[in-house]
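Below you'll find the structure, written out as C-alpha cells, and then a few comments.
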Amino acid sequence: MSRFDITTLGEAMLRLSVPAGQPLETMTGLEVHLGGAESNVCAALAALGRRCAWVSRLPDNALGRYVLRTLRAAGVDTSAVELAKDTRLGTYYVEFKAPPRATEVIYDRSGAAASDLTPETVAWEPLLDTRVLHLTGITPALSPGCCELVLAAAQRAKAGGVRVSFDVNYRSKLWSPEAARRHLETILPYVDLLFCGQEDARTVFGLEGTLRDVLGALHTLTPAEQVVLTQSHEGATTLLAGELVHVPAREVAVVDRLGAGDAFAAGVLDGYLDGDIYTGLHKGVALSALILAQHGDMLVTTPAELSAMLDSAALEGTSPRPNR
Amino acid sequence: MSRFDITTLGEAMLRLSVPAGQPLETMTGLEVHLGGAESNVCAALAALGRRCAWVSRLPDNALGRYVLRTLRAAGVDTSAVELAKDTRLGTYYVEFKAPPRATEVIYDRSGAAASDLTPETVAWEPLLDTRVLHLTGITPALSPGCCELVLAAAQRAKAGGVRVSFDVNYRSKLWSPEAARRHLETILPYVDLLFCGQEDARTVFGLEGTLRDVLGALHTLTPAEQVVLTQSHEGATTLLAGELVHVPAREVAVVDRLGAGDAFAAGVLDGYLDGDIYTGLHKGVALSALILAQHGDMLVTTPAELSAMLDSAALEGTSPRPNR
Amino acid sequence: MSRFDITTLGEAMLRLSVPAGQPLETMTGLEVHLGGAESNVCAALAALGRRCAWVSRLPDNALGRYVLRTLRAAGVDTSAVELAKDTRLGTYYVEFKAPPRATEVIYDRSGAAASDLTPETVAWEPLLDTRVLHLTGITPALSPGCCELVLAAAQRAKAGGVRVSFDVNYRSKLWSPEAARRHLETILPYVDLLFCGQEDARTVFGLEGTLRDVLGALHTLTPAEQVVLTQSHEGATTLLAGELVHVPAREVAVVDRLGAGDAFAAGVLDGYLDGDIYTGLHKGVALSALILAQHGDMLVTTPAELSAMLDSAALEGTSPRPNR
Amino acid sequence: MSRFDITTLGEAMLRLSVPAGQPLETMTGLEVHLGGAESNVCAALAALGRRCAWVSRLPDNALGRYVLRTLRAAGVDTSAVELAKDTRLGTYYVEFKAPPRATEVIYDRSGAAASDLTPETVAWEPLLDTRVLHLTGITPALSPGCCELVLAAAQRAKAGGVRVSFDVNYRSKLWSPEAARRHLETILPYVDLLFCGQEDARTVFGLEGTLRDVLGALHTLTPAEQVVLTQSHEGATTLLAGELVHVPAREVAVVDRLGAGDAFAAGVLDGYLDGDIYTGLHKGVALSALILAQHGDMLVTTPAELSAMLDSAALEGTSPRPNR
Amino acid sequence: MSRFDITTLGEAMLRLSVPAGQPLETMTGLEVHLGGAESNVCAALAALGRRCAWVSRLPDNALGRYVLRTLRAAGVDTSAVELAKDTRLGTYYVEFKAPPRATEVIYDRSGAAASDLTPETVAWEPLLDTRVLHLTGITPALSPGCCELVLAAAQRAKAGGVRVSFDVNYRSKLWSPEAARRHLETILPYVDLLFCGQEDARTVFGLEGTLRDVLGALHTLTPAEQVVLTQSHEGATTLLAGELVHVPAREVAVVDRLGAGDAFAAGVLDGYLDGDIYTGLHKGVALSALILAQHGDMLVTTPAELSAMLDSAALEGTSPRPNR
Amino acid sequence: MSRFDITTLGEAMLRLSVPAGQPLETMTGLEVHLGGAESNVCAALAALGRRCAWVSRLPDNALGRYVLRTLRAAGVDTSAVELAKDTRLGTYYVEFKAPPRATEVIYDRSGAAASDLTPETVAWEPLLDTRVLHLTGITPALSPGCCELVLAAAQRAKAGGVRVSFDVNYRSKLWSPEAARRHLETILPYVDLLFCGQEDARTVFGLEGTLRDVLGALHTLTPAEQVVLTQSHEGATTLLAGELVHVPAREVAVVDRLGAGDAFAAGVLDGYLDGDIYTGLHKGVALSALILAQHGDMLVTTPAELSAMLDSAALEGTSPRPNR
C-alpha cells in the first residue's frame, strides 16, 4: 500500500492581510496565514482524514519553520521538505475590498526558496509513494527548474503507476498565456484528473463555446479520464459517462475570498480517491463554501462537517446521478 | 537659503515584528512599522522641526504608498521619491528576544526597488538643495548602481558646497568587510561628519586600541572635521578641539531595541546644524534613550521633550565643555 | 411593595467564543461574555429600569467574581448569590458559522457550582420578595437538587402570591424529552406565564398542528393565564382574549446569534409587569432584534432605545389589538 | 499659478468608535480616526493628486500633533494650522448600529480650539492662494468668530478671484434652522459651487417639491453656477445646461457609515477643477461608495482606483451627457 | 446603623490611554478605563467589602452609563448619581513614558457634568447616611458651585456626626496654590482624617522641614485627629500617639503609574473604619503596590489578597506599633 | 531501532490567561495556550529534533482537535491519542501577578478525558516503542485508573528494556502528600531518571537537610541511576560519579512564569539521550531560561538556539566536569 493518499509539490507563501475595510496603505498590523495552492489542497484533504505529504523548499529560518509548523498542525507530512540557507519565503499582501472593487493581492514571490526546486534535488521517494500526485500550473511558472521538475514528476508518476491530478491555475503575473500553453501541453499527456477554470481555458488554450464544447476540447488536449471545468462562483461541470454534470456553487456569506478553488479541488480529489467523482464534485462545492466562510486560505474542517454539508444540500446536479 | 536642512538617500523597508515573548515561528499577526536608517534619521530631525527630505525608489503599489504616507506623517518631504512598477519593497522580520539571546532579524531585502537607484535616475535637484546631505554605508551595499550613486552624491554635494554626513553602518549580510572597506574608502574623502561604530571600525577598517587610537586612525581615513565613534550601549565619543569627549548612554527600560543608532545620529546632526557638536552628542544619547522606550524604529518626539531630556541630565561628558 | 420586580434562579456560565470566521480548532484567543438564560433575562430587564435579582451559586474565585461583577454592572442585584469553595464555573465554547452550518456550541457545564443549588441552601427571602419569579426548564435539568429547587420555588412563589414565569427552554444535552416532560409537568401547575418554543412543544410535549392547536394543548397542561409560543426567526404567537395574536420577528443583520430567546422573554415580561402582554410581545421581538445585532448574550439597551424600536415598527400583529 | 488646488477651513475632531456590535456602554477600547468635513474633503482630493491645504486651529499637544500627522500622511498641507495652548480638541463617539437603529454619535466638541478661529488670526495668505476655497456650514455654527470668519473667507476669495465651494451640512446639534438660514444667507451670495442635502434644503430653507423645484429655489438663493442636491443613499442631482442630471448612489456593503457626504463633495470638486461637473458627480458617487466600504471618515484611494470604479459603472445619469 | 461605610462626592472621567511604548501622536486605538480620585477610593473599598456610595453628575448618554456600569460592577452604589442632558463627560489621555520622562496626561475636563454639581441639587440623603464621608481637593477646584458643595458637605457631615476624610490632592491645572489654600482652609476645620502629599504641603501650604515639622504644621490647620503625609514612592508617615510612624512604599514592577494615591487612601480608610490607622497605613501601601501592578486606575482586589500582602510584609514601621 | 526517542503519557489542558496587569475578574478576552507537563516536555524535545510521541485521551470535538493540532505543529506524534465522546478538556485560568503576589492559577480539570485513561484502553504499542518513557507524578493523581496506568507503564517499560524517566511534580490540589507518597513509592522502583523538586522532596517524602542529604535519601527510594533535584529559581543539583554538581538557573527577564520545570526536564532528557547528563543539566537551565522569556508553557526553540545559549554561558557547575 502506498504511504500517502495524496502528495503535492509546490510553493507555500506567507499571506499577509489587513482586516476588511482597512487599506494596506494605512496598515498598522498584518494578519498572517499560510497560502499556496498545493499546500491548501493537502491541508483540506488531511482534515478529511487523508494521508497527505507536501514537498517543497523553504528558507532555514523562523519563517520556513512557520510554514512547516502550520502544515504539520493541519496533519500534512512535511518530512521531505528541504530547508535552505540564504533564500527567502515568498509573501503576498491582501486587501479585501467590497465589490465592485476586486480583492487586491500584491505578490512578492520572486526569488523564493521553492523556485529553486529541481528534479535533481527533490525528494522523489516520498513524492511518488502515493496513490495520487497533485500538481498545479503555478509551479512550472516559478522557474525553468520548477518547470522541468513538474514535467518530470508527472512523467515519473505515470511511469510508476501513480495517478496524476493537475490544476491549470493560470497566473498571469508569472507567465504569458503562450508560455503557459507551451509548457502545460508537455505535461497534459501524463494527467489523469484535470482541473481547469473556464476563464483559463479561454485565456491559455483559447477555448470558448458551450460547456460541452470546452470540456470536449480539453479532453483532446489530455488523455485524462476526468476533466473538471470550474466556473468560479457558478460551480463546476464535468462529463460523467458522456453526460454533462453541473454542480452549482453554494451560497455563502463570504468572510475571506481566497482558497475556494483549492478547497474545491480537495473535495473532488476526496471523491476521486473513493472512485466517486460525482460525490467529489459535491464535496468540492461544499468545501468551497466552507473555506469562503473562514479566515485564511487553508480549510479547517472535519469529515462530520462535510457530511452535514452534503446532507443539507439535496444532491442535485443538472443530470441524474449516473449508475456506477 | 537651501530648501532643506537635511536630505538623505536610502532604502526604506517594512518592518514586520511580533510582540516580545512571541516567536515568529508561531505568529498569527505581525506589527508593521517603517524601517530604514536614513529615513529614521530624517523622521527624527523632522520631529525636531528640521526641514528634511528623503530620496528613494519605491514600488508603485499600496506598500510603496504606505512608506510615503508614513514619512509624510512624520513631516518628511517625499516629493522626489520615484515610484516604479514591477519591483518590490524590502522587508525585515523581527523577533525580540530577552538577553542573553539577541533580537533576531530576518532580512528579506534583495531585489527591492531602492536597489535600482542610480545616478542617472535619481532626483538630484532636491537632494542637493540642502545644508547637509546624510548618507550611510548601507546604501552602497545594496547594488553596484547604489554604490555608484552614493559616491556620486558625496562628490556632487562636496562640489556644491553641501556638507556630507556619513554613517558607516556596516551590514555583514550585504557585503564583506573587504568590499565595504574598498568602497567606503572612495567615499570617505568627501565626508564632513563621520559616524562609525566601534565594532565597525574594527571589522571594516581593522582599527583597535584606545578610543583615542581609533578616533585618530579614523581621522586619517577622512578629512571630516568631526568623527563620532558610537559605542552601542556605552554611549559615544568624539574629539573636540583635540580633547576626547565621551557622552555615556542613558539608562532606559527598553521597549524596542531597534533604531537607537539612527536616533543618535539625528541628535548629533541637530547639534551639527546649530554648529554645536557637543550639545549634539547629548541630544544624540537623549534621542537614543527616547527611541528605545518606543515601539518602532522611527522616533516620535518634540523639541520640548528633547529639552526636558537634556535638562534632566546634567551635561556631564568626560571632559569639560570646550570653549567655543 | 415587593423589593424586586423580577427575581430569577439559574446558572450563569462563561461564554468563550472565537470571532466569526475563526475556527475554535485554530484559536489563539477567546472572547469572554457572560451567558445564562435567567441572568440574560434579568440583565435585559434591569437595562429597562426594572428591579431585578439573580440567585445562584458560584465558585469563590476570580471567575465567580467575574460573574458577579458583570451582573452588577448590568444593574442586577446579586447579593443573594452563594460563593462556594472547591467547585467550578460552567463554560461553553462558541464558534459562529455561516449557514448552512449551525453555530457550534460546546458545553462544558457538568459539575458547576449552580448544579449544587438546593432548596435547603438557597436564599429564599430575596427570591420571593418580588412581583414575578422567572424560572426556566434549564435549571431542573442540571441536577436532582436543582430539579427539586425549581419545583419548590414555583410552589412557594404561588403560595406567597408571587406570579411565576416559566420558559421551557428544553436542552437536549442535559436530559431526555421524557425526563423533561415528567419533571416539567410537576412545575406547570404553578405557572402564570409560560414560554414554550414551537420545537420544544413538539419534542417535549409531542404537540403538533396549527399554532392554535399547540397553544390550546399547552393551555391544558398549565393553568397559566398566558402562554407564549416562540417560533425562532418567525416571531411569536399567543392567545389574547381568545384571539390568536402573532408578532413576526424583525429583520436584522445578525452579529451574534445567541441570546435572542432570553431577550424576547425579557420584553414580554416587561409588558407583563405593566399588565400589557400585547405590547410585551412587541417589546420581545424588538429586544430580540437588538441582541442579535450585539456581541454577547446579554443585552445592553435603554428604555429610550426600546421606545424608538417600537415606534419604528407599526404595531402590526395578525389580529387587531384587543380592547383592554 | 495658485499654490493649491483646494484650500479648506474647519474643525477636525478625534473620532472614537467601537467595533460594530459593541455598545459604547460596555467599551474597553476605542478605535481612533480623524474626522472633520473639510479635512475629509481635503484628504480625498489629495489622494487623487490634488494640491490641498487645510487651515485650522489645534491644541498644542499630542492630540493636535495627531491631527497634523494624520493629515500630512494623507498628503494635505497643514503648514498654516495654528497651535494653541490651553484649549482642547473636539471629539465624537460613534456606536455603529444595525438598522432600524441609526448609528449613534455623541458629539463632544464645545470649546474646541477651532471654535476660536477668527478673521484676525487665521492665515489668509495660503488660504487664498488656491483655485478653489471649500467651506461648509458646520464652521459658522461653531462660534460667532467662526461665523464671521467663514463669511470673510467667502468674501475675500470672491474678491480675489478664487472660486468658492460651499456645503450646507446643517448640524442640528450646533444651531437652529433659523440661525443657520440667517447666517448662511449672508454667505451664499459669494458661492460658486453649492452642495445642499435634500433634507437640509427642507429643514433650513423650507424647500420642498420636486427635485427641479428645490434646485430652482436654491438657485434663487445664490448666484452659484452649480448647485448639487445630495440625496443621501439615493445619489445626487444637479442642473446641467438646464437639464436635470441625476446620478444614483452605488450599492455597497457598508463597513462604516460616516464620511460619505464628504467623499461625494471631493469627487464633485475633482470634476469641478477639471471643468467637468458631470464626471464630477460620477466621481462623487464612486468615492462615496469607496468610503462606505472603509473604516474611518477619511478616504484612502488612488486615481487608478477611481478610474476603475468609473469604468465599472456605465455612466448612466437620468439624462444624456450634455455636450460641452 | 448607617446605610454606607463610605460615601464620596466627585468627578469621574474617561481615561483614554495608549499602551506603553506607543505615542499618543501615532495612536490608532485607545484603551478605556474609568478614572476619578473619589470613585477610585470607593471602588477599592467596595472590593474590600465595604458598603460604598458615589455621588456625582453625569451626562445622560452612553458615556454616562459606561461610568455607572463600571462603578456598579465594582460594587459601588450609584443610585444617587444625577443624569443630565446637554453636558459632557470629562476625559484624560495618558501616554505612559519610561523614566526620566514622566507619564504624560492631557486633561480635557472643563465643562464636565460634575462641575455643575451644587449644594442645591445634590442628593444629600444618601451622601450623609454613612460612617465616613470622603472628599478631595479636586472637586472644589472644578467650579464655584463645586467649591461651595464640598464645604457644605463637610459642614453637614460634621453637624450630623459623620466623620469627614479629606485628601488635599492639589491639581495645578485646575487652580493656583493660593486659590487652593484659600478654599481648603475653609474646609479643613471640618476634617477628621486628612491626607496630604508632602509636595502639596509645600506647594499649597508652604510647609517644609522635617516630616515631624510638616505634620505638626498640618495639625495646626485642622482639628483632624489624624493627618497622613503621603510621600509618593517613599511611602507615608503619620503621628500616632505622638510618635512618628513611617511605612515605606513597597517595591513593585509598575504596569500602570496611575491610581496609587487613591488606593493608598482606601487602605488607610479601611483601617480607619476599623479604628486601626496603623494597620490602615500598611493596607494603604499594600493597595498602592497592587494598583501599580494593574492596568487602570481602579483597583480590583479581594480581602484575601490584601491579607496575603500584609502577611508577606513584616509590619515594620519606623516606630514600634503603639499599644491600643 | 525504536520508533521514538521519547514517549509520554498525560493530560493536556487549555491554558486560558489574561495579559499581565489585567485581572481575571475584569477580563474581556483570554489568551489560549496549550498546557500539560508531559506534552510540554515532548514539544521541547521535538523542537530539538527528537522523535517524540504523546499518548492521551481527548474529547472528540474542536477543543480536542485544538490540542492535537497544536502538538502536531510542534512536531509531536499524536497518532495514538484516543478521542472520546461526552467528555471534557481540562482547563486552567492564569492571572500573572507581580511579586510579592504569586501568579494565580485556577484549575478546572476534574472529569477531563485524560482522567479516564486506563491500562486497558491505552495504546501500549507506540508508547513502549521508544528509548525513554517519560512520566510524571501528575497523571497518577488524576484518577485511580490513571494511577494504575502509570504504574503499569513504568513496569512494562522496565520489563521491555525501555528506560523510565519520572518527574515527581507534586500537585497539592489533586492529592495529599500521603497519598502521593504511597503511590509514588510503588512507581519509583521502576525509574531510571528521577526529577524531584526540593520542595516536593520535603512535602511528599519529608526529606530535608543539605542537597547531598536530600539527594542521598532520594537515591534510597529508587534504584534510578540519576536523580536530579530541581531548586526552582536557584537551578538544579545532581550527583555525578558521587560528586555534587550544581547548575545555577540563568537570569532572565520573565515574560511568562509557567513551563520552566518542563523545559528543564526536556533539556536534561536531551542530554540523557546522548548519555551526557552533565550537558543535559546545562541544557535544562538554558531551556528554562528560554521558556520564561516566551508566552505560553510550550517551548519554541531550535537546536541552534540552544547551542548559542550553551555557548553564551561558560559551563560552570559547582564541580569540574567529570571525565566520561
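Should a chain be cited, it is by its letter among A, B, C, D, E and F, assigned in written order, with residues numbered from 1 in that chain.
FYI, a residue touches a chain if its C-beta (ideal position, glycine included) is under 8 Å from a C-beta of that chain, and two chains touch if they have at least 3 such contacts.
Nothing here was measured: the structure is a model prediction, and the numbers come from that model.
S.K.: Strictly by the touch rule at the top, which chains does chain D share as contacts with chain E?
M.R.: Chains in contact with chain D as well as chain E: B, C.
S.K.: Which chain's mean C-alpha position is the greatest distance from chain C's?
M.R.: It is B.
S.K.: Looking at CA centres, what chain is most distant from chain A?
M.R.: That would be chain E.
S.K.: Matching residue numbers in more than half of the contact pairs is the bar here; say which of C-E, C-F or A-C clears it relative to D-E.
M.R.: Copy of the D-E interface among the listed pairs: C-F.
S.K.: Using mean CA coordinates as chain centres, what's the chain A-chain E distance in Å?
M.R.: Averaging C-alpha atoms per chain gives centres 64 Å apart.
S.K.: Calculate how many whole Å lie between the centre of chain E and the centre of chain F, each centre taken as the average of the chain's C-alpha atoms.
M.R.: 47
S.K.: Report the inter-centroid distance (CA atoms only) between chain A and chain B in whole Å.
M.R.: That gives a centre separation of 45 Å.
S.K.: Would you pick out the residues of chain D that each touch at least 2 other chains?
M.R.: Counting only residues that touch two or more other chains, chain D contributes 23, 25-26, 28, 65, 69, 73.
S.K.: Draw the chains as points, connect those that touch, then say whether the picture is a line, ring, star, complete or other.
M.R.: Contact map by chain: other.
S.K.: With touch defined as at the top, which chains are paired up in contact here?
M.R.: After working through each pair, the chains in contact turn out to be A-B, A-C, A-D, A-F, B-D, B-E, B-F, C-D, C-E, C-F, D-E, E-F.
S.K.: Inside the complex, what are the residues of chain B that reach chain D?
M.R.: By the definition above, chain B touches chain D via 65, 69-70, 72-75, 302.
S.K.: So in the complex, the part of chain E that touches chain D is made up of which residues?
M.R.: 16, 23-32, 61-63, 65-66, 69, 88-89, 91, 93, 95, 104, 106, 108, 110-111
S.K.: Which residues of chain D touch chain A in their complex?
M.R.: My answer: residues 73, 250, 252-253, 255-256, 290, 293-295, 300, 305, 308-309, 312-313.
S.K.: Where on chain B does chain F make contact in their complex?
M.R.: My answer: residues 20-23, 25-26, 97-101.
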